[in-house]
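Two complexes, one shared chain (chain A), two partners (chain B, chain C).
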Partner chain A sequence: MGNKIVVPFGSQHIALPEPVSFLFDTKNEIITDVRVDVGYVHRGIEKAAITKFEFTNVAYLLTRICGFCSITHAGGYHHGIEKLLDVEAPKRAEYIRLIITELDRIHSHMLANAHVAEVAGYENLFMQGVKDREIVMDLLENITGNRIQYDIYTIGGVRRDISKETAEYIKKQLNKLKDKVLKVYDFYDTDYTFGLKTKGISYISYDDAKKYNVVGPIARASGLATDARAEFDYLPYDELGFEVQTRTEGDVWARNIVRQMEVVHSIDLILRAIDNLPEGDIKVKYKGRPKGETFVRVEAPRGECFYYLKGNGTKVLERVRVRVPTYSNIPILKELFVGEKYSDAQPIVLSFDPCMSCTAR
Partner chain B sequence: MGFFSKFRKKSPWILHYNTGGCNGCDIEILATLAPKYDIERFGALNRGNPKQADILLVTGPVTKNCRDVLRRLYLEMPEPKVVVAMGACGHGGGVFRHLYNVENGVDNIIPVDVWIPGCAPNPRALIDGIVEAINIWEKKSKDKEYMKNHSKDMIKNLGVNDD
Partner chain C sequence: MINPNVEIFQSTLETIVEDIKKWYDYKKYHYVTINGVDEGGKLRIDYIFSDYNEKNKMYVFRITDIDFDTLIPSIASVIPSSWMAEWELRDMFDIEVENTQKGIFIKDPNIVAPLRKDK
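After this line comes the complex of A and B, so read on.
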């Protein structure tokens, strides 16, 4: 029969870049119950956004909710505030925003996949993934000037332009990256031992995904075609021929494959955007103060991110509400653990690509 | 050079803890462990165990929930140890300064030896900080090994009374 043993996972753990605490009740290595504490990163950002910062500066705070999705939060805030101020960013700025957003998605997905590979026991594959990812980081540093917190969004446009030389450089490097990504994709797709470790683990059916309101690559791996890029018009994705990537298997393996497919598709989108980059200004002036309320849905690397903004005609906003993708994925994550082996707990957690600093804010 | 110092300096192991930052620094730490920047050429490995660690790499502004965990990790590490605070929010809170759930920086909780500025710091800056930390750590290691004609103040400064 075996005794009941409680195994802690976090808040400090080698596999976790962020503090989050899981307490697993196990019996003969099978998990029977799990308790989650996500509150370690709570800083009180929503409160500070409506008390300490003016609407021109609050974006610096909101992008520092999370390092991976900083561009998503910048996007969510700026698309909302532009609606309130009645400003429309020029076409060229929209395209540059799209390029940075997709580059951010590529580096986040590549790191997430590499991380799953590492905790499944493939350290070499982790190194390979992170090495290839450096190409994207170089591009981001070239375009925006920083590797993680870009702050390229500004109200009514972007801060920096993409020059002709940079455009050529991006094209050259992305073609190089695509070959490397396809090589790793092939490994994830066909390798037998990697399949043994990941196939059939933590299965989510289509109905469950719908019932628990799962978002992002996790939903798309279960066949639920939900993507804010296709459903909500905030950047010119339609003009570039965006398609939602889905699989139907619904396990750890399928999530990795969906992310890898999205990386390839994002590279295609960026290459098309560079080819069709419109001429013109990158910034327009705005005046007035935000008044009224609005909401924005943007697609973070982990799923749909929701922004609600309310202004009252003063410099400081009245309400900033953020709902992040990981928050809506936690209920099903808790259900999935029960009945799995403890040794599979780490790949399950990391296949969800949890972002705790988004969740607790 | 003493016996332990000689071997110690070849393997400074890192313990990494995020105390509520935006995880931008943690991404850069992962990038620094990977082939392009490769911190392992200095012998540094990221190991999750405080009992085997020599360098505590702290990111984030220290939220109230993380405060006790951070203090406990510091106390669990064996002497000699070095603390590196990484990122702008480790330096007095950064953009999160004076938010209601934040302790305004790492040095309000534990003593810090090396500061790495930037939001987020470049991997090159991180490597520079780690090399600096290794030098400080080597010095601490030597000081501790030759404790023959020590003064009481020195022991107090090093914090090794209970060793």
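After this line comes the complex of A and C, so read on.
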């Protein structure tokens, strides 16, 4: 038997896009205990939202919580504040919001899967994934004006419309992307060596996913069909035939497969939204100031994102609470390491697609 | 417009662990988070849940009028993933929560209880 060795993983590590620290107690390279620290990028955003900004400007702050899911934060905030102001966005705006939200999910999932491929030794596949992802980034820039941090949400609707020419361009590009995504999907699904490196690693059972309140693709890869798009009405997903994507294997491989399935499904949802884009205004006026409290659930690329807003009738909100998906998935991640090899720590962490700037806020 | 169907159960510091233990079934309900609100010198804590099977349904166990020098019981024995929110509650409101450590979210010792209005 070997001696206990403590191995630090982070806070700065070559495999981690963001700072998080895990201290692994290991024996013969097997992890026996873990200590986790997540607060390296705490920016006091909840505090700033209730002291420095009026409610009309809080969204600019909240969308900067994260570069990947900024549209989720825009959604969480705007759906909540519209409830407090009793204002309903026009149908066309809701469809445009859905299109941007799903484009955001596609590019986030594509990068997450590319990262897993990279740490599993498939650097070329990483390059391919990132190259294909540029199609989506280009579409987002085309529609919103920005590649990331697209402040297209506004109270009562959206800032920009989608023209007929842009709609046709989106359809053409997404059909092109779908072919590329399906090829990569086929690789993840059938490649023997990729399977050897990812199948059976960091298994989460259906029961544990429920016990630890796991969210997002991590839960859905364990057969738990939980998705805020199906469980909470905030955008017209029902009208477009949204279906929760699940697998039952519960390992690193299944998480990649679920994300890839969701990319394909998101492409289909956007194509249907474009074909059924309602005519009409993209924005309505609102009056008053937010009063009361509301609870919002929206589905970020990484899982359920929860917002709590409380207004007191003034320009500044009394409480803004953001609970992001990585925050919810850290407890099971901590448990999962125990019993696994230290060498598998990288793919395990990256299969969770963690976002520390969201978690610490 | 969103239409959350929120059911609120009033609870107390003395009974919160038992109340949640009696009601919570991890197969039916999804624990969302714990939320603290400074209501002018007194703390309010919400334990928030959603329903896997009922759309838009949410449940809140609410404790109000908590003094900031009170020890908050931990619900981690009932919901093992709740420790993150309990540790954050401690950092953000500088309030003692059972079995928690300070500093997981805020490293700077000069920043104390940013979400308290009196700090």
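Everything below uses one rule, namely that the second predicted complex is superposed on the first by the 361 of 361 C-alpha atoms of A that agree within 3 Å, B and C clash if a C-alpha of one lies under 4 Å from a C-alpha of the other, contacts with A are read in each partner's own complex, and residues count from 1 in each chain.
Following the convention adopted for this analysis, a residue touches a chain if its C-beta (ideal position, glycine included) is under 8 Å from a C-beta of that chain, and two chains touch if they have at least 3 such contacts.
It should be emphasised that the depicted structure is a prediction, and the values quoted were computed from it without experimental measurement.
**Q** Report clash or fit for the pair chain B and chain C bound to chain A in the combined superposed model.
**A** With chain A aligned, chain B clears chain C, so fit.
**Q** Pick one for A:241: touches chain B only (first), chain C only (second), both, or neither.
**A** Neither partner.
**Q** In the superposed arrangement, which partner chain does A:47 touch: chain B (first), chain C (second), both, or neither?
**A** A:47: touches chain B and chain C.
**Q** Please indicate which partner A:231 is in contact with in the superposed arrangement: first for chain B, second for chain C, both, or neither.
**A** A:231 sits against chain C, while chain B stays out of touch.
**Q** Answer with first, second, both or neither: which of chain B and chain C does A:355 touch in the superposed model?
**A** first
**Q** After the superposition on A, what does A:111 contact: first (chain B), second (chain C), both or neither?
**A** First partner only.
**Q** Based on the superposed arrangement, let me know which partner A:147 touches: chain B (first), chain C (second), both, or neither?
**A** First partner only, chain B.
**Q** Is A:39 touching anything from chain B or chain C once the two structures are fitted on A? First, second, both or neither.
**A** Touch partners of A:39: chain B and chain C.
**Q** To make sure I follow: the centres are taken over C-alpha atoms, the vertex is chain A, the ends are chain B and chain C. What is that angle to the nearest 10 degrees?
**A** About 100 degrees, rounded to the nearest 10.
**Q** Using the superposition on chain A described above, determine whether A:200 touches chain B (first), chain C (second), both, or neither.
**A** After superposition on chain A, A:200 lies in contact with neither partner.
**Q** With the superposition applied, I'd like the minimum CA-CA separation between chain B and chain C in Å.
**A** Between chain B and chain C, the minimum C-alpha distance equals 5 Å.
**Q** Considering each complex separately, which residues of chain A are in contact with chain B in the first and with chain C in the second?
**A** Common interface on chain A, chain B vs chain C: 39-40, 42, 44, 47.
**Q** Which part of chain A faces chain C closely enough to touch in the complex?
**A** 37-40, 42, 44, 46-47, 79-80, 82-83, 86-89, 210-213, 226, 230-234, 294-297, 304, 306, 308, 310, 318-319, 321, 323, 327-328, 330-332, 360
**Q** Tell me, which parts of chain C touch chain A in their complex?
**A** 1-4, 6, 26-27, 30-33, 35, 37-38, 46, 48, 50-52, 55-56, 58, 60, 79-81, 83-85, 91-92, 103-107, 111, 114-115
**Q** Flag every residue of chain A that touches chain B in the complex, lowest number first.
**A** 11-15, 17-19, 39-45, 47-48, 52, 60-61, 64-68, 70, 111, 126-127, 130-131, 133-134, 137, 146-149, 355-357
**Q** Once bound in the complex, which stretches of chain B touch chain A?
**A** 17-31, 33-36, 46-48, 50, 61, 63, 65-66, 69, 73, 89, 95-96, 98-102, 119-120, 122-123
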